[in-house]
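Look at the two complexes coming up: subunit A is in both, with subunit B in one and subunit C in the other.
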Partner chain A sequence: MILLFAVASGFAFGLGWVRWLGQPYQPPALKHLWLVFVSFLPQFIAIYFPNTRAQISDEWASGILIASLIGLLGFAWLNRNLLGMKILFVGAVLNFTVIVANRGFMPISPQTASHLVSEEIVSEIPIGSRFGTKDILLLPEQTRFEILADRFLTPTWLNYPVAFSLGDVFLAIGIFLLLAIQTKKERDVP
Partner chain B sequence: MITHSTYQTQIQMTSSSISTSSGLTRVFAAAVVSRQFCKMLLSDPVTALQNGYLGETFKLSNEEHNLLISIHAENLADLARQVNKALHR
Partner chain C sequence: MKNKLNLLALSASKIKREHIQTLFVVLSLAMLVLGLGAPEDSSITGK
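So, the complex of A and B:
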């Protein structure tokens, strides 16, 4: 949700900015866009698409997730000259680091998980099991780079609990800048 | 990043099950955390219930056991919906 919000708000800000200046919106000039599709497709099949997800073991799913993240990191690196992409790259590196260090999935503690589902359900899930699509339930003391795990929560008044990582915050800022400010930079180029 | 909606369906199904039976709750909890168990529960519920999960068998009433093995669900959400419907008749 945080990334979706970043995309929507970045796009809206960028669009509003150029409209105010009376100029057309210039989307960021992304190179090697095919890399995103090639990288994300296996992740979609192994992690998100229900029919195929059930056929793939956790070991394969984690391997595919890591390979997919490497592809996305490559895409961010190849486009690092774009404003916001360096921040996005840092976010991707942080998420990649914590995922690789924790059996190929994003760690989440039972305490954080209990904000997403009832404590009764969390207590039924063995520590070390997959939680949701890309997360793994681990105690904080078992987690490597715990500060980079899914440990932050959206405010309760939002009434839509989401757990996210420090890397997600960087990703969101990067996406916002990419969509909101890039247009201004490109507009300034004669 | 993970949202509560990932488990929305499962929350619905377990919350209705909790008031009925902890055995049913355990069956669904096992199906949520283990895709292999979930797959077996949907394709061969008799074997899945006999084998249990992580060495633990499920304490189900005859009615619950018969209900689970008689339902032909396409997925876990469908199974939960049908169980919920049957138990609230």
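So, the complex of A and C:
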């Protein structure tokens, strides 16, 4: 949800900015858009959609997630000339690295996880088990590239606990810039 | 009935090709970040 907020706020900012300039909004000129759909669909089936997710083993889910990430990374690389896409690509590489290095899922420590669900629930989940959608519960000392794991938390005053990684921060900044900042070339499109 | 149909046609004509294209791009970018990102929130994990 936090990344969808970055998409929505970037788009809203972009719309507001061009309206203030008195020009129509031009979306970023993305190439090979089909690659996003082709790469995301298997991940949606294996990770997000509850009915199909329950029927896919963790081994298959991690393989599908990695394959999906490779496709999406390819898309970001092919569009790297767009403003914000380079930052997004860096975030994607960081997340990809930590996921591949930790059994194909994003590591999260029991301590961080206990901010999302109660400590009793976390204590019942065996270390090394999947947690939430893409995460795996691992002790910090068992985690490779621990600095890139889901280790950051939204402030408590927000009353919406989210654990996120350094890669997610880059992704959010990149997507915001991509949608919010209209380059001169985009604005000049009739 | 005819007025309603006219109103519907008028509304549809206001939706330009560019609007659909923009919506499509934004939707694709939402999929991109959902696919690449891995934040975990309490609405999914269920606190």
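The rule is short, and it goes like this: the second predicted complex is superposed on the first by the 183 of 190 C-alpha atoms of A that agree within 3 Å, B and C clash if a C-alpha of one lies under 4 Å from a C-alpha of the other, contacts with A are read in each partner's own complex, and residues count from 1 in each chain.
Keep in mind that, in the parts below, a residue touches a chain if its C-beta (ideal position, glycine included) is under 8 Å from a C-beta of that chain, and two chains touch if they have at least 3 such contacts.
From a predicted model like this one, the values you see are computed outputs, not experimental measurements.
Applying the stated contact rule after C-alpha superposition, one finds that A:120 touches subunit B and leaves subunit C untouched. Contacts of A:68 after superposition: subunit C is touched, whereas subunit B is not reached. When both complexes are overlaid on chain A, the residue A:33 reaches subunit C alone and has no touch with subunit B. Of the two partner chains, both subunit B and subunit C are touched by A:150.
Within the superposed three-chain model, A:138 lies out of touch with both subunit B and subunit C [touch as defined at top].
Once chain A of one complex is fitted onto chain A of the other, the partner contacts of A:50 are limited to subunit B, with no touch recorded for subunit C.
Of the two partner chains, subunit B is the only one that A:130 touches; subunit C does not reach it. Look at A:2: by the touch rule set out above, it reaches both subunit B and subunit C. Look at A:160: by the touch rule set out above, it reaches both subunit B and subunit C. Between subunit B and subunit C, C touches the greater number of residues of subunit A. Residues common to the contacts of subunit A with subunit B and with subunit C across the two structures: 1-3, 106, 108, 116-118, 131-135, 150, 160-165, 168. Here subunit A touches subunit B in the complex through residues 1-3, 50, 53-54, 58, 106, 108, 115-118, 120-121, 124-126, 129-135, 150, 160-165, 168, going by the rule given at the top.
Contact residues of subunit C toward subunit A in the complex are 18, 21-22, 24-26, 28-47. Contact residues of subunit B toward subunit A in the complex are 1-4, 6-7, 10-11, 14-15, 18, 25-26, 29-30, 32-35, 38-39, 54, 75.
The part of subunit A that touches subunit C in the complex is made up of residues 1-4, 6-7, 11, 24-25, 27-28, 30, 33, 36-37, 39-40, 43, 48, 68-69, 72-73, 75-76, 88, 91-92, 95-96, 99, 106, 108, 113, 116-118, 131-135, 150, 160-165, 167-168, 171-172, 175, 178-179.
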